[in-house]
Amino acid sequence: MRFFKARLPQLTLLPSLVLVAVSVYGFIALTFVISLTRSRMLPRFDRWEGFDNYARVWSHPRWEVAVENFAIFGLLYIGGTLVIGLGLAILLDQKIRAEGALRTIYLYPMALSFIVTGVAWQWLMSPDLGLQHAFRTWGWESFSFDWITQSEMAIYCVVIAGAWQASGFVMALFLAALRGINTEIISAARMDGASGPAIYWHIIIPALRPAFLTAIVVQGHLSIKSYDLVVALTRGGPGFATELPSTFMYEFTFSRNEMAMGAASAVMMLVLLTVLIVPYLYSELRHGR
Amino acid sequence: MTKYLTRGVGALLSMTALSAPALADEVEVMHWWTSGGEAAAIAVLQEDLQARGTGWVDMAIAGGGGDAAMTALRARVVAGNPPTAAQMLGMTVRDWADEGFLGNLNAVAEAEGWNDVVPPAVQAFGTHDGEWVAAPVNIHRPHWVWANAGIFEELGLSMPTTWDEFFAAADAIEAAGHVGVAMGGQAWQEATIWEAIVLSVSPALYEAAIINADMDALGSEGIVESFEIFRRVLGYADPGYAGRDWNLATAMVINGEAGMQIMGDWAKGEVINAGLTPGEQVLCAVVPGTDGAFLFNTDFFAMFDVGEDAQAAQRNMASAAMSVSFQETFNLAKGSIPARTDVPSANFDVCGQTSMADLVEATEAGTLFGSLAHGHGQPASVQAAYLDVVTQFANSDMTPEAAAEALVASVGGAL
Amino acid sequence: MASLSIDRVTKRFGATEVLHEVSIDIEAGDFLVLVGPSGCGKSTLLNMIAGLTELSGGEIRLADRRIDGLEPKARNIAMVFQSYALYPAMTVEKNIAFPLRMAGMDKAAQAAKVAEVAELLQIGHLLKRKPAALSGGQRQRVAMGRALVRDPRLFLFDEPLSNLDAKLRVDMRTEIKRLHQRLGTTIVYVTHDQVEAMTMATKIAVMEGGAVQQFGTPAEIYDRPANRFVATFMGSPAMNLVKGRVRDGAFVAQGAAAAAAGELRLPLPRGTVPLAEGREIELGLRPEWISTEAGPGSVPFAARVELIEPTGPDIYAMLEAAGQSLVARLPARAGLREKTEAALHLDMAQAVVFDPETGASLMAP
Amino acid sequence: MAADMRRSVQRGVVYLVLVLAAGFFLLPLVAMVFTSLKTMPEITGGAGFETATILSPPRLWSFEAWGLAWSSACIAVACEGLRGYFWNSILLVVFAVSISVALGAVNGYVLSKWRFRGDSIIFGMLLFGCFIPFQIVLIPMARLLGLLDLAGTLGGLVLVHVCYGIPFTTLFFRNFYVTVPDELIAAGRMDGAGFWQIFTIILVPISWPIFVVAIIWQFTNVWNDFLFGASFAGPDTRPLMVALNNLVNTSTGTKAYNVDMAGAMIAALPTMLVYIVGGRYFLRGLTSGAVKG
């Protein structure tokens, strides 16, 4: 009894720990094991292939496209949301009238799933239904926006929709951080003769470092996980020009009955995630000390 | 400790939150027919069953042409909680039967004589080791050309029966300021056109290169030719076709924006929905060079191996799904033709009647094949290997020769 | 009220030992101040008495009953925190009543006790407010009220005045002292401010480096510091330390530039332990022992006044004598002027001698 | 004067950029609302509507689609619109959000205020769970639910959402409680409060900003989830997003885009409302420790 009383705090963690241990770590381990088998439609543990599935994934043309796209998408998506989010945050921080309304407008896409907005986005991007059609109908005959139909450009459409959804969240992060900056520093810089842009560049933006870190990690993991986005917008097309690791994994596991290959690609995504996340976790943990 | 806790909470929730397992006189059916004509069609079956005293628990999950439903189905089966029946395409029936999850319908099938009325090529998917495991409800034919009758009349065109006529017609349509061929831009839509072209090159080529995945046939001149024709067809599409849904392409034909579309017989639904009659305002003909041959895809209700107490309801459902009256009503709503060959054709439209006649003909001639694009040509992994190349070809400037080579490599790698 | 006995208490965090065998005994009704620079272990010791930190070794007894190992709530000890730690979501009334509520006292009795304490601390008008609406001094009172309300056997104060402005700090100091006198409570009070320690305590424990350097009454600590650390830590300005040698039974300090500055020669204070000729020692001289007037037993010396800091009634004079820097605390009327030579007197009767190596006092006990 | 001019020009530019950005962010919403209020011929550009575009306001206003989507559109065999599924989602959200937020709050409390050896490793391990792609857990989770006898129940679905919600809620609460002074807990202990009393009486009442953040976050995630809902819910417990998906997605059936869009808007209203109402508190919660910075 005394033991339990003394360990009560740790014991209260136990349910969560058990749940996460099983549903995160147990399942990751299982995925890794499946990636070593010859599982097709369902998990099977009667034929082992070692790391052959990894070789098969890496030699698959779709994976090649997926990795290439991920590099483009990841960079532009993270960069884009950071620039847009920071820009909007700085502008909103200029004592703007109707700030609340604008903020809500920037933030609301976070509330929506791509199941809700997918069709609208497809249409907006489509040259004969969306923006191009609209602008041409209204008289701007030379307006052209048909990236979604071009294999080389379609991935940028995915970036645009992704930025639309997540920029508001990044904006909120930065705005929160901006409001938390000690105003004395800014006053001091002003006394020292710094101009508006110089203050932002030299004083404020460096002070947002923690917010940058958080934003990069959040956006980074979203970019690795983004699946709904592609499915709603292009279904991986044209052809498989907008394939991403996440769509590759889903497609192979569930549509193509190549579960072992899907698992292998999942494990590689997890490795990528770990590389990105662990330094962040490390800093999170030091933060609390 | 935690397990009991979660179990306790779970039990509590499931009590308060109204989840009842399928009762003995109910069937739980997983499918992806959720809207429009499909939903209306499935409602017919539900009503039919209700009349027989069997309840219907609906587990529809739409999306990705059944992909989402198949994913959810896998979760259900892995959880040890399969539905009574699930809609499946032919190859998927085979996969699940191979895994040993499907039940045996022989009792019903024998009593009702399914073997005599279902074409053998369809039977091949509905049975496993000589036992019926799935009830086929329809036969779709994916290789149709749909055309705007107004444009054709205006330009004095008739439905093409050869590729030369097809291209001549397309040229004329383009010259008149319309889109020659309305296209949708998804891999399955592209494959629907390509497989029809392969069939038009020769049914024997289709059989060798697609059904048998013969490497020599895949690298043959005939396949190169099919890609050449495909390239020319693609040339008549408007530039914005990528990613377009098939029904929007159909709408282009209906509105007179485009002259023709190559699409399966489900396109009729859009025509009817627009208040028009297939065969009149929107003309239909099989893809040039494919008359006498027949590609099909069939929706099955695969029956899972359920407990004794649920089997009566399950048999009821199989029987209802295979009844002549249901197959007629259902397929009239769906645009397809019955899987039974003994359903009267009188109520079907012109296009449907053509299909029904061709089906019998093709069965006799041995030119009835499963459609690759629609899950009846190859297992999922191999099918995807074909589709990868076809869609890549359609969305790049790959040469027909290179496409044939890529096909050999891709399919060879997936086998 | 109860006596408190801290017996060889040790605390380790991993490999580092932050408290080493600390022993302190106080009587019921004592006001013990633990004083020392930050990091000396005084707050850790307080938390161990409170039961917030576990002991690594030793015992703590309250009224002769062992309490280490007991839950904080089982010890019947109240604590006032540096940040006051008022519960932000509760009104003042609820804050004060909280310990009673936890003890399961009935509502009417709670209200009576709260009213009594509010009366005592004159915070009756604040009872319905939330802590956020209070000033620093008001919060301080509420925190004390919360501690007083349940008549604990021991009060702990953890630097309770450090968040107040200077004037309020002095007022509260007096008030706490008055409260102590009136209620006769046993108090352990942590501070880094030696003035607080001197003014309030009946017993002081000067701590440094995880150990008690000296434990005694304020007078003992001030007049007979056990070592150089205690001597310099207590008192402001700090005690002057002059290094030199024993020569011919006297203390001789050599200036840096010996020839120019000459030497400072002083008799050894009475009560010094016997010292060998030529031994290096350190002489401790409090600034207030330097005077412009001769007194009984005082020694004259000449010094140059470098700088004067007036504080009102007193001045602090920075002196240089024979190459040694000294601070003197003199009455303002003493009439010294900067940059002049002055003739001064040193009261050697109270001076102390330390071992320059160990810092230990070289006075006979 | 010149400086004033320059300043007002600058302000003008700032407002212009902000308003243009707002326009971009509103595009899909405008398209959806307009489309939901149009009739089908106008949407597909049928006869008489050749100049209609996705962004032009409806010429023939029609609220019919909204009514259909809410209560009478056919989804498979049931022609009852989305109405029935609303309740399922609400039930799911209430259980899943309250349990995951409660557990996260307690975890955050323990991990910040009752430190023990190895606590940061445990926190790190919990946090990593934020980053797991949901697609890979589908099959193993299905098996687990089967073993627990929770397959196809609301309880099972709640369990899944709780599992993958805990990492986020723990992160929020832990980072918030780190900023609460430890002395408050010490004071509670001195005053005789126990582990739970300190939490419920002292901490919970001051934690509302972070509760708002955690609830908004979890509410949005659970409400918008399709994958888990489609895979783990039973026929009677399927959430709204699955129904919406069934409404808008069809493989070989015809589409009524106005109904689709109306349905999408209906399904999105609760989360949008939560953001509009709670947005301000969301920002405040972020400042008060949900995210360091």
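Residue numbering begins at 1 within each chain, and the chains themselves are lettered A, B, C and D in the order written.
To be clear about the criterion, contacts are C-beta pairs under 8 Å (C-beta built on N, C-alpha and C of every residue); 3 or more make two chains touch, one makes a residue touch a chain.
These figures come from a predicted structure and were not determined experimentally.
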item: Both-way neighbours, i.e. chains that touch chain D and touch chain C; value: none
item: Chains in simultaneous contact with chain A and chain B; value: D
item: A-D against B-D, pair bridged by the larger set of C-beta contacts; value: A-D
item: Centroid spacing, where centroids are CA-atom means, of chain B and chain C in whole angstrom; value: 90
item: Centre-to-centre distance between chain D and chain A (centres being mean Cα positions), rounded to whole Å; value: 16
item: Mean-CA-position distance for chain D and chain B (Å); value: 36
item: Distance between chain centroids, defined by C-alpha means - chain A, chain C (Å); value: 57
item: Junction residues of chain A - those touching two or more other chains; value: 15, 19, 42-43, 129, 254
item: Shared-contact residues (touching 2 or more other chains) in chain B; value: 64, 71, 74, 78, 248
item: Where chain D touches two or more other chains at once, by residue number; value: 138-139, 141, 159, 245, 248
item: Each pair of chains that touches, named by its two labels; value: A-B, A-D, B-D, C-D
item: Complex contacts: residues of chain A adjacent to chain B; value: 14-15, 18-19, 40-43, 56, 61-62, 122, 125-129, 146, 148-151, 154, 231, 233-235, 237-241, 251, 254-258
item: Chain D residues within the chain B interface of the complex; value: 44-47, 74-78, 91, 95, 138-139, 141-143, 145-146, 148-156, 158-159, 230-232, 234-237, 242, 245-256
item: List of chain B residues in touch with chain A within their complex; value: 1-2, 5, 64, 67, 70-71, 74, 77-78, 95-96, 99, 185-187, 238-244, 248, 379-381, 384, 388, 391-392, 394-396, 410, 413
item: Interfacial residue positions of chain A with respect to chain D in the complex; value: 8-10, 12-13, 15-17, 19-28, 30-31, 42-43, 84, 87-88, 91-92, 94, 96, 100, 102-113, 115-121, 123-124, 129-131, 133-134, 137-138, 164, 168, 172-173, 175-177, 179-180, 208, 210-211, 213-214, 221, 224-225, 227-228, 246, 249-250, 253-254, 259, 263, 266, 269-270, 273-274, 277, 281-282, 284-285, 287-289
item: Residue numbers on chain C that touch chain D, as the complex places them; value: 47, 50-52, 71-73, 77-79, 81-83, 85-90, 98-99, 102-103, 146
